[in-house]
Every structure is written in structure tokens, then in C-alpha cells.
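Next come the structures, one after another.
In the two complexes below, chain A is the common chain; its partner is chain B in one and chain C in the other.
Coming up: the complex of A and B.
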């Protein structure tokens, strides 16, 4: 949303109140829903997992896969996207293929990746890279093609070289949309890492989540869910923070969505 | 092709991006992909474990169809998808409208809603498994849960931006609550609802396949899981194509329904 200055007091109160209500109803035993733990016991589960150090290797595994996949996807997506955005010929002759491949449901590629790479980190990485790069690529193409023609005319008037034009005019103007792609790509690579751990590679937070579900240890299951959710929110916030340091991004109305 | 591809303006941000990028790429761009498939067909073999050629995908699919598993699974997946999308649209639009129309409710509920939306839907599947078991009702609930947020939040935004003159004119015409909803609110909110549905549709497809993949009892997802367990690579590739067709099909369905609804009930449709 917007900056930290505009904290929504009542909204946060309602959220806290809901948690308190949940705790009061379930924690005191007034209401029992089978397998539903109270928030306090979820918090205790997180604390004990952290105190025993059990959660950190899993966290490191999932986070590492997500970040590495995102970095690889960013290199592929940004460079190809820049190419396709700058060259109308290439755009006309490949973009429909890309849209076709991109619209395929991500989960369907889990078995393909498993077939090619087996139960390994490579399988997680390949899947996350494949899915995340489309988002980054398509948003880069949109950003570059969306640069106002007047700006390009300025570049022509100043007799800029191709390289100069790309670095000084196109990239800064396309930056907000490219950043949206990078943010979506980061979220998606985390999700795909978790998904492939849930259904294939027995490692990381996703596997622990499913393991605790099968063991019916629901307080730990909710603990892992909370950690995964918090990880997603933190990664997103970190990227927003970094993006804000890039000069001029905010002024051009970027970072939306 | 226009109907097949999702509209782009919803995904990208930035004021200047909407104009140029709304252009749909020409169909000839599919040629590289088709060439790639042809090359695969020429170079690949039928018995390759990793890269079976496209013709063997079709053979595997026709075998599945003759075994009588392909069509029931497709039907199951499609009904799960359709039911979840309908429920998500109804619930999302209704709740989104109620929240968006009342500023106190909006302020009070927005953080909770945003938090729920931010939880990765895929990771919520185990929770639903624990509480609801492995049935189709669980699948429909999970998919609805995952796809309701974009619809809800988009409708909320639309309801907040609803022109006050519209509501005033409804009052001055002494429209009853039902007439006000059907004649004023729904047509005015239609574009925002469909903006949400367009975002939600691919999410619903992914979540449906994921749930089926995990449960392994029903749907195309379970067929993919079974084929992968047996290392039936050709069947895996064939079913991935089927899943891709679902993705494209659902997107174009949404586009069709949207253009129909907007033509007949949307703002400026000439119904006065």
C-alpha cells in the first residue's frame, strides 16, 4: 500500500481482535474444532522450532532456491525482454509463441521438471526459473514498448547511439514496469519452490508443511504456513525498499499493483 | 487470437504502458514454437525417457482416452474449475461491494483481507486437507479460496470509485434495493468484477491442477501424477498439453463472457 506514515489503526485492531477471539474460543476450550490449534500454540510451535534450530536449514533451503531461481530468471527475462522490446521485428515473430507458453498452468510443468531432473534441487530451480522468467520477460517487453515516443524522439534529436539510447532513455523509462515484473517473479519463484517441495523434492519448508499435515501435527503445520507467508511478505517488502532507492522510480508512478 | 490472450493492461502498471501494449501480437509469432515442435518431431524418438516426440504424446493421449480415464478426468477438472469460479465471483463481488461501499468496514477489514490474500494459496492446501479430507468439496473450497481475492479486492476498488451521481439518481428514482442492485450497481461494477475474474481464472486453473496432483484421486492433475510416477513421459507431455488447453480455454471463456456481459449490461450499453 502506501508509506508507513499512514498506518490503518482500526484495521490492525480488527485483525488483532480476530486473533484474540480465536485464542479465547479455542484456547480456553469454549469451542473445539478438531485439529484447529489456538494462535498461542502456533506461536509456541514456531518458537520451539526456532529454539531447536530445526527450522533454519529448511528456511535456508527454500529461500536459497527462490532467490537463485529469481536471479537466473531475472537475467534471462530482462535480457530477452529488452531484445524483444527494442526490436519490433523480433516481437512480431515470437511474441505469440511466448504468450502461448506463458499461459500454460505452472503446476503442469512440475512432472516435466521431475522427469528431467529427478528428486533434486535442480528440479526445483528449473521449475521456478521457467515460471518466473515469463513474468519478468513479458513485463520488460511491456515496459520497453510502453516508452513514450516523445522520449525516443529526444534521443534521436540528441543523436544518441543505440547503446546510449537504451541506457539513458529506454531503461529508466521502462523501470517501473520492469520492477513490477521482478516483484511478481520473486513471489512466483518462492511459490514454485514451495510447491515443488510439497509435491516432489523432499526438502525445505514446503516438504515440512506437508510432513506435519500428514502427521496431523497441526500446530507445527500452521507454524510452517506462517513462516512461508511471512517469507513472501518480507521478500516483497525488501524488494520494494530496494526499488525505492533507485532514483526517479517513485516520481514516475511506478511500483503499483 | 484476441479472445485467447488475456488483456495486458491489467497486469502491467504505469500510466504510459496501457496505450501501446494493448496491441495484441500478430499470430505469425506462433511460427517459432511450431517450428520447434516440428524439429522435435524429426529429431526425437518415441521411446526417449526425457524427450519423447510430439506424435507419441498424441498416441499416449488416445491410449488414455481408450482406457476411459481421460474424459472423466477432464470433466471432473472442468466442473471443479467452473463451480469454483462461479462461487468465487459471486462471493467476491458481493463481499467486495459491501466492503467497498462502507468506508468504516473498508478501513476495518482491509488489513485482514490483504493479509489473507498475501498468504500463498498453494501452501494453504495442506490446511484444507486436514480439515476437509480429500473430497471434491475440498478441492472446490480451496480453489474458491485462492481465486476469490482478486475478484473481491477489484470489486472493492470499483465500489469505492462508484460515481455518487449514480447512487443519487437511484435514490431520486425511488428504486427499491433490488432494482438498485440490478440496474445500477451491477452494470457499473461489471468492468471491475471482470478485471478480477481475469486475474483469478489462471489462478483457479493452477490451483485445481495442484489439488488434484496432491490428492491423486480425481481430475487431470491425478492423471499427470500417475503418468509421472510410472515414468510414462509421453503421457506426461500429452497431459501438459491438455492442461495448457485448459489454461487457454478458461482465459478465452472469461473473455467471451466478459464481452457478452459488457455488451448487454455494461456501462454505456444503451439500455435506458
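Coming up: the complex of A and C.
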């Protein structure tokens, strides 16, 4: 509704200026950095990859894995998070384990997933789901536990059932924090998909990135890098766009982080 | 107040209201909070009735346990063993039907993701037909003068308007008792006066019983049929006053009338007496 105002003019200008500077320095041969192509060459590489149609299956693969992993992680994280958030007993008993598991560096699970699932899409999915679900789960628990006691009192006063209270009060009240978890989860799903493709499963944008790097095709390598970056930005923007449809969500900090 | 007197005797001493039925009945109500090392008694031997249709104010300084007492009436908090709290003859063990609380903190009592009308409809959903719900919501908004703002969101409204939304939400429930916890405590004087008049009108129109918590002596006298003063550590009901003012009240003429001023004087004297005697 206010997307026009959201375009950050000065910010875009600085970014464009940096690109021009990069082009001027590298493109003119004023400075030479080995294996660093000029933006124009990268743009040409993207164009040729797109024109040959070569990039689309890879893009679809990585995007598909990231989105599917995110969706699975969301189902697990939201439902488990709601359960643990509503039950102080369950939370007390599981908190320590969850804190331990989610604090482990995500990339360290790459070999674990590889051992369990081999060089497959399943391996990519499992890793991305596993890492993303913690973010969604922990934020959901935080959101649910953070519902102000006053709102719960209103629910009691109006003699709401447990189900009514959950659906009408707890979930909408926790939603801004849950959205933060969903956003982080989406970003991480993409990251883990790319990492798995780089190290394990020979498919998708991540694999192409490494492939071109080994072939010393730096223009193409940077082209894949740019596409992965753009994908991340677009996914995040799409989620924000959907979230913004919820009335009052920005005022309540749902689009933070 | 003599705790030994029976409900029937009390009805008799409550002038101008005939033999009104008792709505709430509180006997020997004590409340204790468990602290780290000790137990603190907040309310002790609270003993009073609320009569059907009356406007009862409970007056007390901050920390006197007024809110605690209201939460007990609302079934949101339970008193210590031995206390008896009944509503229409039944022990209060959960919020009773058609007993609705208006909380002091309006900002955190409204749902920011719901429009004004949806906030007002909150307690009716699934309990009435959609048509009846719409009609009751519209009537409640009309009563507090917010019909124009039905589609707005609470955070788009001023504090006074938000509190009116909360009052409308309570009115939509067609309450037999309204429990109000310092509802105008955080509003400016002008908004407060106008809301007092609206509330007075609502009381006359709906005939609902209102239990009103306040620390504002003028407000208590202006609005009520009866005032209870909470005092002491732990608090107990230190005084009961019958406010025998005409039914229709007015911010200027009522507040300049001799009976109003006499009551106000009496309460100040009583409170000052407590202050200097201890």
C-alpha cells in the first residue's frame, strides 16, 4: 500500500555509485584484481546464461528446495512452538535441549546430513529444514510466551474457551514475533540449500557457483552469485509484502529484524 | 460497617432502593500474597453486598487493594480460604456470565489487530447470530458515541476513545454487572468529565449494576449511589456512605449542590482523620 514510499532513493543511489565506481576502476583497466570481473562483464554473463536458458533449471531447483524446506520448517516450528509456548511444563522440560541443539553452528550439520541422506535432494532438504525450524520454533515460543497477561485476562473475562483464546488472542498477538522467525527461517533455508549444493548435492545454483569457480569462469561465477543474492532479496521482499497485508503489523513490530 | 448484620438488614438501610436483590455477596474476604520470605495480607475481612442496579464506588488510595477486590468479584482472582464471594447466590469460581470487567489499562486490553467494531464484537462471536451481533455492536458503539469510528483501529484513536471502545465491548455483552477498574484514571480532566457523564447515562439507560474503582473522591461522589472506602494495612472497608443525590447529575449544578459538597467534605474529613490519627 505504501511500497512507493519505501523505495530508499539515497540508498539506491549509493549502491549505483559503487557499481559505477567498480566498473570505472576494473572495466577501464585502471586497477586489476585477479579474478574480479567488472560489473558489465557479470551482467553480460547473466544475460547469456539466461538467454541460453541454462540458469532456469538451477534457479528452480534451489528455489524449490528453499521454499519446500521453509514450508516444512514452518509447519514443524509453528505447531511445536505453539505447543511449547502454551505449556510452561513442556517448555521447562525441553528448553535446555532446544537451546543446546540450536546453538550449534548450522554448517557443522552438513556432514551429518550427508552421512544420513547421501548426495541427494533429501540431504539438502533435511539440512535446511533442520536449521530453519529452530528459528521458527524459538520465535514462536517467544511470541506465544510474550502475549501480555492483560490480553489473557480479557479472554478469561469474556469466558473464552481454550481454542477461542488460542485462535483469537494468542496467535494474532504472537504473530509479529512469529513473522520474524518465518523471515529468518526463509533466509536460512536458502543459505542452507546453497551450502548443501556447494558441498554435497551436485545440483542447483550452489553447485553451479562452485563449478564455474573451478572452471575459472569468473564472469559466470559472479553471475550465479548475483542471482543467489537477488533471490534472497526477492524472497524476503515477497514475504514482507504478504505480511504487510495484515492490519497494524508494522506498528506492532512484525516487520522488524 | 457491622459485619454481623444480615443482607436483609442492609437492604433496609439502603435508602431509595427499596428491597433490592443482592447481586454480589462478600463475607470475610481475605487476600494474601505469597512473597519471597513472608505472606502479605492485602485485604482483610472485607464484608459487603452489591445491590442490583446500584452504582457502587470503591474508593481507596493506590496500593489499598481496590483492583484486587474487583478482580475477586470478576472471578479472575481467588481469595484466601474462609472467604465467601457469591454472585446471585452462587460461589464465584470463574468469571460469572454477564459480569464484565473494564480494565484500567485500555491500551493493552484492546486487540490492536482488530478494528473497533471487531473489538466490540469479541465477546459475542459464536454466542449470538451474526445479525444480532451486528445490531448489538452498533448499539454499544452508539451508546459511547463511537459509531463513526467502527472501522478504525484502536491505535488510531485517542486514549479517551480507546477507553470508550472497551466500555462498548463490555456493553455489547449486555452485562448485568459492569466492573470498572479506575477506567478514567489516566485520562485528562475534560475527557474524564465527559466520560463520567456518558457512563452515568449508560447506568440510567441500561440499569446495569456498576462497581466502580477509583481514587478520585469527587468522581466517586458524583457517579455513585453508594461509596465504600478501603483503608488500612491490610485494607478493610473503613466506611460506607450513601450518596443521596438526585438521579440526574450534572457536572456543574450537582457539584455545586449542598448535598454533594457535604458528602465530599465528609469523605475528606474521614480520610484526613485516618491520616492524622495514625
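Throughout what follows, the second predicted complex is superposed on the first by the 245 of 257 C-alpha atoms of A that agree within 3 Å, B and C clash if a C-alpha of one lies under 4 Å from a C-alpha of the other, contacts with A are read in each partner's own complex, and residues count from 1 in each chain.
The definition used in the following text is that a residue touches a chain if its C-beta (ideal position, glycine included) is under 8 Å from a C-beta of that chain, and two chains touch if they have at least 3 such contacts.
Bear in mind the structure is a predicted one, so any value in this text is a computation, not a measurement.
Asker: Clash or fit: how do chain B and chain C relate after the overlay on chain A?
Answerer: fit
Asker: Mind working out whether A:154 is in touch with chain B, chain C, both or neither, as first, second, both or neither?
Answerer: second
Asker: Given the superposition on chain A, which partner contacts more residues in chain A: chain B or chain C?
Answerer: The partner that reaches more residues of chain A in the superposed model: B.
Asker: In the overlay, answer first, second, both or neither for which of chain B and chain C A:228 touches.
Answerer: first
Asker: Let me test your reading of the model: by the given contact rule, A:164 touches which partner, first (chain B), second (chain C), both or neither?
Answerer: Touch status of A:164: second partner only.
Asker: Let me test your reading of the model: by the given contact rule, A:172 touches which partner, first (chain B), second (chain C), both or neither?
Answerer: A:172 contacts chain C only, not chain B.
Asker: Of the partners chain B and chain C, which touch A:218 in the superposed model: first, second, both, neither?
Answerer: first
Asker: For A:246, is the partner it touches chain B (first), chain C (second), both, or none of the two (neither)?
Answerer: In the superposition, A:246 touches chain C alone.
Asker: With chain A at the apex, figure out the C-alpha centre angle toward chain B and chain C and round it to a multiple of 10 degrees.
Answerer: It works out to roughly 90 degrees.
Asker: Quick check on the superposed pair: does A:53 touch chain B, chain C, both, or neither? Answer first, second, both or neither.
Answerer: Touch partners of A:53: none, neither chain B nor chain C.
Asker: Between chain B (first) and chain C (second), which does A:110 come into contact with in this model arrangement: first, second, both, or neither?
Answerer: Touch partner of A:110: chain B, not chain C.
Asker: Have a look at where A:29 lands relative to chain B and chain C in the superposition and call it first, second, both or neither.
Answerer: neither
Asker: Please give the nearest C-alpha separation between chain B and chain C in the three-chain superposition, to the whole Å.
Answerer: The answer for the closest chain B-chain C C-alpha pair is 10 Å.
Asker: Just to be sure I follow: which residues of chain A are touched by chain B in one complex and then by chain C in the other one?
Answerer: Overlap of chain B and chain C footprints on chain A: residues 148, 173, 252.
Asker: If we count contacts the way the header does, which residues on chain C are in touch with chain A in the complex?
Answerer: Answer in residue numbers: 74, 76, 94-95, 97, 100-101, 103, 105, 108-109, 111-113, 115, 122-123, 125-126, 153, 155, 173.
Asker: Quick check on the complex: what are the chain A residues that touch chain B?
Answerer: Those in contact with chain B are residues 1, 8, 10-15, 18, 33-36, 91-101, 103-112, 114-116, 138-139, 141-143, 145-148, 173, 176-177, 180, 187, 190-191, 194-195, 198-199, 206, 209-210, 212-213, 216, 218, 221-222, 225, 228-229, 232-233, 236, 252-257.
Asker: Provide the residue numbers of chain B that touch chain A in the complex, in ascending order.
Answerer: Touching chain A from chain B are residues 1, 5-6, 8, 11-21, 25-33, 49-50, 104, 107-112, 114-115, 118-120, 122-127, 129-131, 202, 205-206, 209-210, 213-214, 221, 224-225, 227-228, 231, 233, 236-237, 239-240, 243-244, 246-248, 251.
Asker: Along chain A, where are the residues that touch chain C in the complex?
Answerer: Where chain A meets chain C, its residues are 148, 150-151, 153-154, 156-159, 164, 168-169, 172-173, 175, 246-249, 251-252.
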